[in-house]
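Below you'll find a set of structures to go through.
Each of the two complexes below includes subunit A, the first together with subunit B, the second together with subunit C.
Moving on to the complex of A and B:
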């Protein structure tokens, strides 16, 4: 029953996002056809009429245009990119998906593992040296803009120490030195480290708070009174109970993770969706921008839904 | 409240820093003189910190300290306006939903859920170029550059949901307290109960939460400016980092150019956290006394 309700809720939210996409990009002042052909000179009235007919712009905004819009979105057809003329939006977006998934995915795994470990150890002995150091570092990492951390890492590790190259994967394929896996990995270290460190701080802070909170519970006192060792209490009694807020955080923070990834990709010229967003925004490539907006928003909703369902698995009290 | 009477060293430092940022936002000219432009730049481009330029210069020879102080105004203005908008929206929705309950509550929380998952940054990213298109590169809307206004509105409109949820749950508990019952029995109107009995008890909660919204707003404003949606003539800390990135400051090791605006953001954010934490602690001690 709960699953049905969650699915319905997510479906509704996605519908609202799709509608929002329509209103943001169609109902704004200015001619949509001017957006479609850009600022090209020498456009005759006949060509304009042709374009209007082709895009259905000669029909009323509602319901004709809205319905055709819904149908094309359902087919995954977002039209043609302004910037990369002739290419469909999906052709432009397709090759950019994998780099972003790799960047965000690897960084998340590292951040969750490191953050939970630091947070659990810090929360287990609040006030200890490890706690004070760990918490300050975590707060610092949490407080800094992700892209700035990327620039700092570039200065320290690429410019001063020269361990890693300054350039990212920008010239991927054009540059002979790339193509070897070792080179790709070498260029991926700093971007992934940036996203990972920025996220670690948050997980560590939350895990610490959760562990401190749970250790006040009676069952922890009982476990210790039974003579169970510190490590076992932490692993078997504290961590499983502290998992819940972390799941919520992971899902609620996807928006921030995406924002972090967009800016970090801009810093390192990482050829993913984030860099594409920046490029599309600078070129005023609205069809691409619209599709990116949908992808980011819908994936946020889906991840939230999965987290909600996972939550009921982890905590049987919720489903009751 | 004793926490406020005897502030720790960290709290003192945070307070001092925030006062400095406030001064920088209000009277930057008194601190470092008028803002330097390409024409009035006083230094050699990309020179490291020296006696003349304590924090070095940028790619056209402008003093970094001067720019950083002048950037405080836009960053803080956007952050404060957005948080004010978010605070008013979130409090109004939260109090009404929690007080009225029933269908209105369900509807409002459904809307709040939508905004809770809507990524503010992405929405701003899409709306900002449209606003520039509508308002024109040079145009202003209500005296604001279009991107600034979009930033304020988008942050405000997407961040109220968290506040609304917290305020609502607190209102739900407050409305059943004896003092609210007593007020109702002697015939106080809903308006009177909300404004005189419920809202005053929510103040510290709302303040603590709003400070966190300010942090999020600073963060989003910086990220948007960093990818080029800022105003080159009215810099914010994010715009400075955008310029640094465009000039390749990180690649050539111009650390002063990157560190100064970035560290300023980090210090301000951490200070605000510490402030929010103190307010929340004050709230906790109030609750304990009430119990």
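Moving on to the complex of A and C:
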């Protein structure tokens, strides 16, 4: 029953997003045909009329354009990119998905593992050297602007030490050899490290706070009084009870996996969805923006729905 | 599954398995990056299309210019040269017919012969587009200009024009009929022209990884001389500072669009040259000169004397020095120095920066501060407050606006600046009859490698199109026709000068400055960099004379 309720809620949210997707992009200032040509050369009023007809902009917004939009979305057809002439929106977005999943996915796994470990250890012994050092670094990492961190890593490790390349995932590999694989990894290290460091701080701080909070509970005192070892208390009693807020944060962050780390992708010229969003906004590529908006919104809704369902498994009180 | 899709899938598998299979190793070799014969260029812009009929970004023109040829070449001074496909081109006595002879043994990059049929079909596709209802690149330049084209014999072509003109000879990419013959007008806008793109220029398009890079490979059948590079890779950098670091570390050999604050530091580095080159961009202050619905906030804007007087309150030298860090030139007109002989000499009428004189001129034209509140009034007795709009795409415009606000304020004109999205500004400059107007001044730019373009936008027929100041002058319109019909470069230069003088005195736009384009390159790995006023790439000169002379050092 809960699953049905959650699915219905997610479905309704997605429908509202689809509606918003239509109206938001049409409420933006300026005429769409003007955006189609930007400040292109030699444009005449006749050409503008031609463009309106070609893109269906000469038909009434409601119901013609709206119905056509709904049917297209239902078919997964977002039309053609304004910027990349002749390319469908899915052609443009498709190749950008994997680099983003790779970047943010791996960075999240590293950040979750490192952040939870640092947070749990720091929270278990508050005030210790590890806690003070770990918390300070975590706070620093959390507070640091991501683009700045990216630039620092880039200058130190790519420009000065020359351990890693500056260029993102650009096509340097020439053949299908192990050499190309190693190139891909080398080019991924700095961007992944940037996202991972920034995210680690967030997880560490939250985990520390949760562990400190739970460690004051009676059942922890009882466990200690029973003579259970420190590590076992931490592993069996503290962490399981501290994981609810962490699941919330993970689910929120996973929702943004698809949206990508926009600033990191821009700093490292990483060809993912975040950079595509920036480029599409700069080029006023509304069909692409509209599709990205849908993808980001729907993925966030779906991940949150999964997190909600997971909650009920972790804490049965939630489903009551 | 297409080859491109297969490659994409393969890359995807590689991306995932690479992380599972290979341990991180920071000391891995970068030998691949420095493979001999590869010029690596860091660029900011990404091409929009590889279809020469529909592309619109300048980087697309640059890339396509390395793949396809024009019939006749052009040099940095705008003169026609034999660097294109034609060996010679001879005009008939009445000036209405060109007889063009192709170079012998021309070949496409796949080794097949390039014939007069390819040339004729390439031209006819654009010419017939005039009546097809589809506009492609070049439709407007052949309309009413080129009458016919035909093959006279196996290596000679005859082109007939409506009036004597040498325009068009350096404007149309010659594409292989065997590829483009089946692309009709209904398909042309959706045709992406996938790799490999075979042309007759020095390079073949090998691969375009969207959002990442464009790889060009040497055309083994290019007529020469050069190219001496096996490959050219254009790597897209979303972050200009990262591009600078990549040049410093030797990951790329050449970068365009160097940030202003990095030029001097880069130039101090050993083996790197960073310098300012001429561009074809003019940044201007435009006025809404319209009267009636869509007019500006004061009738003074429609008065040439008012606009002229404000011209004396603009210190273009100071703008170039303080806003551009000196990387630019004060502008006199919409025609840039990079147009060579078409850059007009109008220095005898250039206004000096003189706030006192500006005030005097305003008073002479009837704009005085009669009520003593510090602001001059228009002829209806209303204080003049001007709304200045800036598009949000350029970071230097707000600084320029601050200077203008201060100077105009000193002559009694208050300026209120608003930064708006490009889309919003485009709706302001559309046809006043359709809701356009509702602005007083704007700062924006025009940029085109062809001098016809900046002159064309001020025609009356462009109101509702690109004439964003809504300025109209029948004499100017006539002069533009004369410019189009001028038979030689000298005649064109003469007409252009008259047009520019008219524009300068009428002042629908005040051209503010020509920003330099800042490029940097490594001299330790690559040689053959030219010492010209135009940059090695993105010069707007086709075929590009630099790309065929660059060599990777042994």
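Keep in mind that, in the parts below, the second predicted complex is superposed on the first by the 267 of 320 C-alpha atoms of A that agree within 3 Å, B and C clash if a C-alpha of one lies under 4 Å from a C-alpha of the other, contacts with A are read in each partner's own complex, and residues count from 1 in each chain.
Convention: contacts are C-beta pairs under 8 Å (C-beta built on N, C-alpha and C of every residue); 3 or more make two chains touch, one makes a residue touch a chain.
Since this is a predicted model, take the numbers as computed values, not measurements.
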{"item": "First, second, both or neither for A:244, with subunit B first and subunit C second", "value": "neither"}
{"item": "Contacts of A:278 with subunit B and subunit C, given as first, second, both or neither", "value": "both"}
{"item": "Contacts of A:269 with subunit B and subunit C, given as first, second, both or neither", "value": "second"}
{"item": "Contacts of A:181 with subunit B and subunit C, given as first, second, both or neither", "value": "second"}
{"item": "Most subunit A residues touched (candidates subunit B, subunit C)", "value": "C"}
{"item": "Partner chain(s) touched by A:297 [first = subunit B, second = subunit C, both, neither]", "value": "first"}
{"item": "Partner chain(s) touched by A:145 [first = subunit B, second = subunit C, both, neither]", "value": "first"}
{"item": "Subunit B versus subunit C as contact partner of A:106, first or second or both or neither", "value": "second"}
{"item": "Which superposed partner A:73 touches (first subunit B, second subunit C, both, neither)", "value": "neither"}
{"item": "Subunit B versus subunit C as contact partner of A:154, first or second or both or neither", "value": "both"}
{"item": "Touching both subunit C and subunit B, counted on subunit A across the two superposed complexes", "value": "28-30, 151, 154-155, 158-159, 166, 266-267, 278, 282, 284"}
{"item": "Residue ranges of subunit B touching subunit A (in the complex, touch as defined)", "value": "110, 113-114, 116-123, 125-130, 133-134, 215, 219-220, 222-223, 226-229, 238, 241, 244-245, 249-255, 258-259, 262, 265-266, 269-270, 273"}
{"item": "Subunit A to subunit C touching residues, read off their complex", "value": "28-31, 34-35, 37-45, 47-48, 50, 54, 80, 83-87, 92, 94-96, 98-99, 102, 106, 151, 154-155, 158-159, 162-174, 176, 178-186, 188-189, 265-269, 271, 275-276, 278-279, 282-284"}
{"item": "Contact set on subunit C toward subunit A in their complex", "value": "8, 10-12, 14-19, 21-22, 24-28, 30, 32-33, 35, 42, 46, 48-49, 51, 54-56, 133-135, 140-141, 189-192, 207, 209-213, 215, 233, 235-239, 241-242, 245-246, 248-249, 251-252, 393, 420-427, 430-431, 444, 448, 453, 456, 461-462, 464-466"}
{"item": "Subunit A residues within the subunit B interface of the complex", "value": "9, 13, 16-17, 24-25, 28-30, 139-140, 143-148, 151-152, 154-155, 158-160, 166, 252, 254-256, 258-259, 262-263, 266-267, 277-278, 281-282, 284, 289-290, 292-293, 296-297, 300-301, 304"}
